[in-house]
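Shared between the two complexes below is subunit A, which has subunit B as its partner in the first and subunit C in the second.
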Partner chain A sequence: MADLVHKPSQANATIRVSRLARIINKETNFQIALVAPLQLLLWFLLIVPTIVVLYLSIIAWQPILGDWTKAPIVWLKNYGDVLSDRVFWAALGRTVAVVTIAVSLEFIIGLGLALLFRGDFLAKRILTSVILYPMMLPWVVVGFTFYLLFLPQGPVNYLLRQALGPGAAVSWFKEPLLAFSTIVLADVWQWMPFMFLILYSGLGALPREPVEAAMTLGANRWHIFRHVILPMLKPIIIIALVIRALEAFKIFDLIFIMTDGGPGTSTESISLYIYRLSFEYQRLSYAAAMAVLILLLVTVITRIAIRPLEYHQE
Partner chain B sequence: MSEERPLILLRGLRKEFNGLVAVEGLDLEIKEGEFICFLGPSGCGKTTTLRMIAGLETPTAGDIFLRGKRINDLPPQQRQVGFVFQNYALFWHATVYDNLAFGLRVREVSKEEIDRRVRETAARFELEPLLETRASRLSLSAMQRVALGRTLLTEPNVLLLDEPLNNIRPGLREVMRAELKRLQQQLGRTMIYVTHDQEEAMTLGDRILVMNMGRAEQLASPRQIYHRPETLFVAGFIGRPPMNFLETQYRVEGDRAFLERGNLRWEVSEKRSIIEEKVKGNRIVLGIRPEHILPVAEAREKGLTGQAVPVTVDLVQPLARKKIVDLKVGDKVIKMLVPGTSSLAKGEELEVIFDPRKMHLFDQKTERAIV
Partner chain C sequence: MQTETNKGVTTARIVETRKLGPALRFVLALIVAIIVLLPVIWILSISFKPVEEWKADPPTLLPRRPILDNYKILFRIGNPVGTVREMVSSAEPVNRAFLNSLIIAPISTVASVLIGFCAAYAVSRYQVGGNFMPFFTLTTRMFPPAAFAVPLLFYYSWILRNYLKIDLYDTHLGLILMYTGFTVAFSLWMMKGFIDAVPRHVEEAAILDGASPWRVLFTITLPLVKGGLFATTLFVFILNWTEFLLALEFTSREAITVPVQISRYATAVGEFYGPKAALGIIASIPVVIAGYLIQRHLVTGFTFGMVRE
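After this line comes the complex of A and B, so read on.
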């Protein structure tokens, strides 16, 4: 027992450390050193431009007016103008419609495919990579491909004429609703695989036991899907929907290439409108105010959307 | 319905996973109201067998009968077989109430009826204050009670439990084990309990099925398993510290028979006929439990005779009330259990006697007991 009571003398316990080591050893310093590079990068990439945009949005400035630092500050006037801009509301509504319809379709098809792919069948691996293929294409390529497909003399009309006679050809980009549909279709084609990928891997990562427990408790396939699998998948569904919706909200390239917002402004999305305002009409301050408003809107909606996720984590 | 008919009958059950045999030639009869434990090391096929009974795995060969009806092709939903998983497999996102109600809801029982029965079960399992709590926030003991309650509400023919106490810390484990035993006695329900913990199997089971490498080694009461192990594996698996085994040669001299090991010999004349009937060859494994090895003086006091085995103490491990003493017999180490007051110390030399009434003999070739 005597051995256990013995302690090394205090003098021996003192360890000499260099100054540098002592600074690094201080936990807070070390932590700061670790995050500093990223912080600096973020400052330059995010915070500085954000401040510039915020400043732009409260001044009355256009490039032809010269030095932007000398432009008068008008505070919230631009914001007021945006809120009373009918074109803005129309573009916003249209964008929300595209997001809602396209993301819903992507989700439903993606989930269906993911459920289908849980089983085993021939050529499953090959099909999996084929499904993912559209996602790897650049937006521009997808937009241009669909533009070509739906041209008056394009393949879609060709097929329609072959099947239903010469009168069946449709001017896809002349009718607002049809033009809108082609855009939704292109978006679904390109991004359904993303939903599939996330939901498929999410399904694969679910624990098997609750499903088996439900089976032994007498639940049929529908019950198991509705009351066991879907609730377990909920966090992943939310993440997939939020990521997709955020991305789809910025829709620009597809529309820019396929319809350029037309006919008229009937397919103009909010991004396209902001682009027009800044680079075609040169109303940079006004566009900045609009961008800030959209940012606020998206932030608030996203916060609300991911709330169930936080609840889930408790 | 005849009382004789077993509740569950397994016949020649076999399961392969990609050519790997998990269960092989398993026959088993389980009577109504019995508590059976499947005991064996991990990977011995006990859980696979349980899952086949539940319908979660399809047997590669053999038959499963429930009350005389072959249920091989019946999906788990239609078997009315309750399964409690190792990690309870609750619906973590749902409340205790919804977990309990699940089995009744899928049966489309009326709302009032569900409510009545859920509350009844909650009362029995002391879950009433937790009914609105999410399953993921429960304590382990409450999780287990929810898992049991949820399964029992569907009135299963048999309750299958897959190592339900595995994740629970020692201490609480014993408490929950007792709870489970009490519950089974109250309900009188048939239960099959899978475990790799021999203590659990010994305390819970009416009968124990010891499994190894996918095969049934022995099916018997806990007492029999301990006192009359039928195979070398069972003898070595049950009991802590495990049984000692010494390889010996069988030799007959005149009308006496002996097991010989070097210059040690144990007389087995009274077992001669059975040995000669059962054993091919002459290699016999002598098994003796640590608690049945006694220092010579003590043995003589009790009137035990037999070969005095000279040994050297190699290691002494004190337990709460006993000590495990490692003894060297030539180049072989055997374990002896002595009272905590024993003063044996490393390096000490002494002679011990194997209690002749407690010796187990096994055919070295077949690894089966000679009885």
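After this line comes the complex of A and C, so read on.
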């Protein structure tokens, strides 16, 4: 009797399990196929070079010493040297300053423009193209352009002389702070359009219902922006800021072309310093240790920054 | 297309336009556009100036004696005369670099966006790889490239060549693989943002109707994130088109790109303002065209707003 009752239910369960398994398999195949190309590409490109960097960073080696496989392992000595290197800390501080100032300005201007462009007006499409133009130029070209603008006999000084008298001309690339400002200005000019593009797309992508609901409830423009639009836009804002900050942190071409780190080393960024260490001073082990430290630092900061975007247990 | 979109966002726009009139918006946008354009006008002007005007004091906004030599010299068209030619004789024409860039940048862009889009979908909908996978991908953008160039060069030109018999140094494929790999993090993260914003129940409805996951992905989700997809494509194309350091390290003759060519002009001939400005202008043309084509979709393609509750 008990058997009779038991058997069908067992059969049922088996059928259910196998169907479930089929669905899971299908789903899993789909998911694997989605991420497989990405994984293959990243492992092919990155895993060996990463190991090379890590190994380089724990040995005492310079190309001048010959075969790198025979170089002595010094473990963390390179790291210690980096941490007590004043030039490193100065370059790091300077890079952080560029990132903070430039990215904040880009974000504020970009958001303002995105809001401005939400409405309809004359020649909107052409004006959008014009405003997006700077980010389409190679870094090398932007650096060269701003170098020309701020030359002693260039147009900026000419305008200053016209407006404030002959004494107003400034040697832009001779004063550390002024040289620094021209670099920040060039970066803002080139990348403000990127912030504008992302935030403008993001604004356009928002669902209308919450805004409409807030309007019906009689909220004013500022409240709708602050409490409805901004929170919905938060993921896009974080992505835009993180992407821009990561790129700005590596600033190289602009400084290389405009000031070459000068006057002295007063505008040298961390990338430029690492480049100099590797290609001019040939201190590859030391540069590798510095690169690893930078990677760790950036990883930790980025990790914190993107925390709000991560998926938590639902 | 235009009207459809307008209908979709009219209500949201009414709030904005009531306070800030179209005329005022136009004036503000025009001012910003002019400020943005001034540096471009300056190199445009330099690119048409003869050598004696490059450093003229006082500088003039428009060339007094406009010439085309700076451009002709880049492609070796005709036989430009005077000092410019003597200065440029040590640099190569840009034809090859231009063609290379036109092959490398679009292919790696399409590959990067496709791979990134698929991965972003897996991350957004199934949390494949948890939080680690997207973050791991992002680390490709964290290394200062100056530091990564040396080990990567070592890998490409020694390990791959000797052990796997793959020669990727100074080839199109080598740069395409690298560019795809180094921009895919952006494709993934940007597309993840756009896919996250698409309500899940749209897809669930299709799945309940018996559509396969691939079908749902390409016929339901993809059209909904079209605006984001175009924005991402444009951005990745710009990165690939303008990338400098990797191209400098991994090409020598066959596969050199436009930015490398620009730098060669810089080193070959010192203060070579005119042709360098001309090359800068030319280098931006493909991106401007791409931007213009895609911009229609950026403006009309905000389809999220049309997803009905």
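Keep this in mind: the second predicted complex is superposed on the first by the 267 of 314 C-alpha atoms of A that agree within 3 Å, B and C clash if a C-alpha of one lies under 4 Å from a C-alpha of the other, contacts with A are read in each partner's own complex, and residues count from 1 in each chain.
As a convention for this text, contacts are C-beta pairs under 8 Å (C-beta built on N, C-alpha and C of every residue); 3 or more make two chains touch, one makes a residue touch a chain.
Because the structure is predicted, anything quoted here is derived from the model rather than measured.
Should the pairing of subunit B and subunit C on subunit A count as a clash or a fit in the superposition?
Partners fit side by side after overlay.
Check the residue A:P207 against both partner chains and state whether it touches subunit B (first), subunit C (second), both, or neither.
In the superposition, A:P207 contacts both subunit B and subunit C.
With both complexes overlaid on chain A, does A:L217 touch subunit B (first), subunit C (second), both or neither?
First partner only.
Of subunit B and subunit C, which one touches more of subunit A's residues?
Residues of subunit A touched, subunit B against subunit C: more for C.
According to the stated criteria, A:V228 is in contact with first (subunit B), second (subunit C), both, or neither; which is it?
In the superposition, A:V228 touches subunit B alone.
Taking the superposition as given, does A:T100 touch the first partner, subunit B, the second, subunit C, both, or neither?
neither
Enter the shortest inter-chain Cα distance between subunit B and subunit C once the structures share a common frame, rounded to whole Å.
5
Using the superposition on A, tell me which residues of subunit A are in contact with subunit B and, in the other complex, with subunit C.
In subunit A, residues 207, 209, 212, 215 are touched by subunit B and also by subunit C.
Touching subunit C in the complex: which residues of subunit A?
Answer in residue numbers: 26-27, 30-31, 33-35, 37-38, 41-42, 44-46, 48-50, 52-53, 56, 113, 115-125, 127-141, 144-146, 148-149, 151, 153-155, 158, 189, 193-194, 197-198, 200-202, 204-209, 211-212, 215, 221, 224, 235-236, 239, 242-243, 246-247, 249-250, 252-253, 257, 270-272, 274-275, 278-279, 284, 287-288, 290-291, 294-295, 298-299, 302-303, 306, 310-311.
Could you please specify the touching residues of subunit C with respect to subunit A in the complex?
Counting only subunit C, the residues touching subunit A are 8-9, 11-13, 15-17, 19-20, 22-23, 25-26, 28-30, 32-33, 36-37, 39-40, 42-43, 46, 55, 57-59, 61, 115-116, 118-119, 121-123, 126-131, 133, 135-152, 154-155, 159, 177-178, 180-182, 184, 186, 188-190, 192-194, 196-197, 199, 213-214, 227-228, 231, 234-235, 238, 241-242, 244-245, 258-259, 262-263, 266, 273, 276-277, 279-280, 283-284, 287-288, 291-292, 295-296, 298-299, 302, 304-305, 307, 309.
So in the complex, which bits of subunit B are touching subunit A?
Where subunit B meets subunit A, its residues are 54-56, 75-83, 85, 87, 89-94, 102-103, 106-107, 134, 136-137, 150-151, 154.
Spell out the residues on subunit A that touch subunit B in their complex, using ranges where they run on.
207, 209-210, 212-220, 223, 227-228, 231-232, 234, 312, 314
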